[in-house]
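Following: one structure in structure tokens, then a few remarks.
A, B and C are the chain letters, set down in written order, and residue numbers restart from 1 in every chain.
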Amino acid sequence: MRPIAFSRTAAAVCVLLAAAALSVLAQPAQNASPAQQAIGKRGGTLTVALRSEPKTLNPALATDQSSQDVIYCMNADLIHINRLSQRTEPDLAESWTVSRDGKAYTLHLRRGLRFSDGQPFTADDVVFSFRVYLDDKVGSPQRDLLIIGGKPLSVQKIDSYTVRFVLSQPYAAAERLFDGFPILPRHLLERAYRSGDFSKSWTVSSAPSQLAGMGPFRLAEYVPGQRIVLDRNPYYWKRDGAGQQLPYLDKLVFLFVPSEDAQVIRFLSGDTDVLSRFSSENYSVLKAQAAVKRFHLDDLGPSLEYNFLFFNLNDLRGKNLPQIAEKQSWFRDLPFRQAVSQAIDRTAIVRLVYQGRAAALAAQVTPGNKLWLDPAIQPPVQSIDRARQLLKSAGFSWRSDGSLVDSRGKSVEFSILTSSSNAQRTKIATLIQSDLSALGMNVHVVSLDFGAMVDRLLNSFDYEAAIMGLADGDADPNTEMNVWLSSGGMHIWHLNETGPANPWESDLDHLMNQQLVTLDYAKRRRLYDQVQQIVARQLPIICLASPDVLVGAKDRVGNFSPAILEPYVLWNVDRIYGH
Amino acid sequence: MKFLGRRLLHSGVILLAISFFAFLLLRSAPGDYFDAMRMNPRVSAETVENLRAQYGMNHSFLVRYADWMGSLAKGDMGISLAYGTPVGPLLWPRARNTLMLTGSAMILSWMLAVPLGVWSAAAKGGWLDRICSLFTSTLLVIPDLLVFLLLLLMAVRTGWLPSGGMTSGNFADLAVWQKAGDLALHFALPALGLAIVSLPLLLRHVRSAMVEVLDSPFIRAARGHGIPRSRILWRFALPAASNPLISLFGLSIATMLSASLIVEVILSWPGLGPLIIQAILSRDLNVVIGVVMLSSVFLIAGNLIADVLLFVSDPRIRVE
Amino acid sequence: MNRRYTFWGVVILLAAFHLVILSAGFFSPYSYSEQHRDLPYAPPSRIHFIDSQGHFHVRPFVYGWKYDAHSPGSYVADLATPYPVHVFAFGSAYKIAGLIPSRIHLFGVDPPGSIFLMGTDGYGRDQFTRFLYGGQISLAAGLIAAALSLALGLVVGSIAGFYGGWLDNALMRGGDVFMALPWLYLLFAVRAALPLHVPQGQIFLLIVAVIGLIGWARPARLIRGVVLSAKERNFVLAARGFGASDFHLLRRHILPRTYNIVLTQMTLLIPQYILAEVTLSFLGLGIGQPLPSWGSLLSALQEYYVLASYWWMYLPAILLVPVFLAYSQIANALQELFSPVAL
């Protein structure tokens, strides 16, 4: 058995970043309007490579990126987030009203729309869809987004074209929730749902006639291991500025190309028309050939992914990990974490790991997230002197051979865990290892397979420090609740907390809960700025860098307007056309 | 016949043993399929626990093994957690593709290895021998993956061969002879790559087996009798050297299968490779077990064939 | 006569090579983990004797690298600052034979100059240094694993072939089971069970040793085939007739016939186990940073951008070809030596 270097395939496996296109974000009025989309020409085929085969075509079950990418092209939601403007826009719901208390949303559906099999779309489909998403027996990964304030939201049909959603408490920017909940056809799925077979329906090998969606494309053919072909949905309701029915393309072909390098090479050879999710190294290699081979590459700037180092601050009582528990006295020491942060050369990470196509970070919000970034917080500049002062102030000292010891004379030695499926993070760890050796710390880089790493982080707590990355499909703070609340399931540095362990964690709890129910963007933003300041000051996680979103397309692809929200290049697939 | 019957029975027992131990092994590694989902900030721990319970992940080892045996009887081999479908139907089309590829690569590599090995043994130290040994040493230091990557690059630069997949997009619309041509073109690159990476091993063994036989008294005697060189080589020496080569043939099926996993990933061949690699990393255990069982069947079949051949070709063994 | 000289020539060269590998600290100018962060992917330094004015220098020198203003990401020689190459230069600390601390290196240049005979990797680490140090662990790993596989294979294979019957059946079927099992998961488990602070080199050797232990089935099968036919040969039957013990028969008459296949396997298995790391590292079971190994140097090559942009990253692979070639030459020569012609 000798599998291989599709290191970043594996990264895709890491659902860390598998952020769906589900989401939430306040609605800022000041944002730019979407780029003007040109009137295109009908016809043609667009070929795209997927890193892995889609596992399912069922929108309520998909957890992996490939499935979500395909499902995105076949389905539509009630309210949609324009990936470029990051604002919501009406989709299947043509308008909506919010009750004064901010708890009830009444959505008015477009009339006369049809699913891709020609059956009409009504409020029954909407009610059915949300019943499915909310059913805990279905186990939809989106389900938790609909549980607000501990209670599921309720859905009510007012008439055939009006639906009311009621929340148990006000929820900031709730209309953004609807993106990521594609509407399912009741007439095709209800029987399976009632008989308990829902999880077996709409697999990749289902017959095309069994599937229908409201998106621009529908299933035409699936060849196991090779490709999935979609063709135009003849009932798609959108039209371009000239009144021409969308989508422009006749066909959309997804090839399964399981390694990044193979994807890059096949893009070069002209087999595929667009390219995304590739490394900055490959970007440089491709760039050299762009003019000759008639394609172009775009660096969209920092993504929403933030990579960070964190220490194990978990409560280890009852865990029988005495050595780690002993080291926690350093990790819990703020000057120690500050010294580590201060000693890390973030510019070297940006330069050596990402070839400059990344941004150094001070806190979790990346410069790509313009609406929520607190520009007052600057990423720290490496200063070994300052780091040494911090350590000295906390009672650390140095032996004659330069190694660091704590006040009890114990050598400072710890390991940093990374996932071997992510080459970049292992590289970051290696740079940090070298940086920290300048402080006299003896750091080991341990890269484990993803399963083993997650097991240590979430279950056994048998680790000292780790590097991880997180990203959301949208830029809204609400999607980060699980990370920052002390009770959150992704409160990664200290899980299963019974209550906030210290004052700043209780401040974080308070601020996050507050922003959740604050409906005014400016106020929310001030609250979230404070969250970032606390993160930058207290360093529960030491934020490092955010890689840029890199994409490429052949020159002949029209209306190519990639965005930093997933799916980067196919979000406007209904308007993409071939010259 | 009795020999064969007994061997088949043994094979069944072996497969059973493999499935049991494979189950044990898979459970020894930390982490499970749903851990990845737990790392998604939007999914709560309760939801994940629910799913775990739904798929019977909390059951004891023996219960799960029994469940699996039950579904094996139905031809399902359990449910893939990632695909949400039975494993069997996932495997069959891909196994066919993998077998077609490894089969043709096998034929190609033996067709190259036997004459090259025989000739280099016959002219030991000659130019062909030197070239072959340089070639094998070079290939031994190049990871398989790199060979495939270089082949892929070559295909892309020259444009002579398709750079991946098994059929062209318009395959369904082609005439029968065009289909055959299209398939052959897509076969060429991966089969060649596999043949190249498995060649050093075969070549060295053929050569060393031949060298030994060529030194033996009966060949010297034959030479003394003035029997033509080529007749000595092919008619006397090669059959005499075939014993270890037949064992090797059985083993090379397994080697070929594991090498094909990589070539399939690099050249997007729709076989078992991409499926199992993803399954290994995401801990989709039923798929891993399915592929393990399937390749065990191939492996055992290979060894069985080798033993039967050995039985037929070497009278000394038959006597026993 | 001539062949003999070639043989000894090869042996001496190989011995010298291994000596250099063993004393990597002395022959390499840097430490394997030293990062030159301003010089990632710098091409090999050229050794000059004649400067830009055309003057000849007895002491060779190198130029520093600076970024090429015309093509970003590549370097040009900075002709303004030549750095003479010193012999027995003073540099980073290492230990001779793992015991005696020293700071003397065979050659080196004064900072801020740098000398990279084989260029640098993505962290600006000297590839030449890493190649030498990498040999230490990789050769050890390859040898240990191959020896384990072959020793087990030899024992199991000859017992199975010699005694035949149910024992043969049980051992060979056991081998089938062994070959078919997904051992990768055992490796995951072994790796995960190890504490985090076990030194990276030891973990790696342990993992490779496990692979070697698992790998017995293949050689066993091949050896069994040979034993099977050897024991029925007339001279063996004759010896048995004279009342030779099983042990005597195995040792004197049958095992010599397996040397051939053992040697061939050895020359195949050592490189194979060295390369196995390429796969292991992908699965998180490879050697931990910053330790170098040949496997990790080679696995860098399989990234498309490295392949396409940095030719010097091929150098480790190119250097290993003659090494493995020399192994197989020696194996061939030994094969002739052991060839049981006399019988």
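Here is the rule we go by: a contact is a pair of C-beta atoms (placed from the backbone, for glycine too) under 8 Å apart; a residue touches a chain by one contact, two chains touch by 3 or more.
No experiment lies behind these values; they were computed from the predicted model shown.
Among the remaining chains, the Cα-based centre furthest from that of subunit A is the centre of C. When chain pairs are compared by their number of contacting C-beta pairs, A-B comes first.
Averaged C-alpha coordinates give centres for subunit B and subunit C that are 25 Å from one another. Chain geometry summary: the mean Cα position of subunit A and that of subunit C are 41 Å apart.
Centroids built from CA atoms put subunit B at 38 Å from subunit A. In subunit C, the residues that touch at least two other chains are 182-184, 188, 192, 278, 283, 299, 302, 304, 308. Of all residues in subunit B, those touching 2 or more other chains are 29-30, 145, 149, 153, 280, listed in ascending order. Multi-chain contact residues of subunit A, defined as those touching 2 or more other chains: 1-5, 261, 265, 421, 449-453, 455-456. The part of subunit B that touches subunit A in the complex is made up of residues 29-32, 35-45, 47, 50-51, 54, 82-85, 89-90, 93-94, 97, 144-145, 149, 152-153, 155-156, 159, 163-167, 169, 258-259, 261-262, 265-271, 273-278, 280-283.
Per the touch definition, subunit A reaches subunit B in the complex via residues 1-6, 9-10, 13-16, 18-20, 22, 47, 52-53, 55-56, 58, 61, 63-64, 136-137, 139, 141-145, 147, 199-200, 203-205, 223-227, 229, 253, 255-259, 261-262, 265-266, 268-269, 271, 421, 449-456, 458-460, 470, 472, 479-483, 488-490. The part of subunit A that touches subunit C in the complex is made up of residues 1-5, 7, 260-261, 264-265, 279, 281-282, 284-285, 323, 345, 348, 351-352, 355, 413, 415, 417, 419-421, 426-427, 429-431, 433-434, 444-453, 455-456, 462-464. Interface residues of subunit C facing subunit A in the complex, by the touch rule stated above, are 33, 35, 37, 40, 73, 122-124, 182-184, 188, 191-192, 196-197, 200, 276, 278-279, 281-286, 288-290, 299, 302-306, 308-309.
The touching residues of subunit C, when paired with subunit B in their complex, are 3, 164, 169, 172-173, 176-177, 179-186, 188-189, 192, 218, 221-222, 224-226, 228-229, 232, 260-261, 263-264, 267-268, 271-272, 275, 278, 283, 298-299, 301-302, 304, 307-308, 317, 320-322, 324-325, 327-329, 332, 335, 339, 341.
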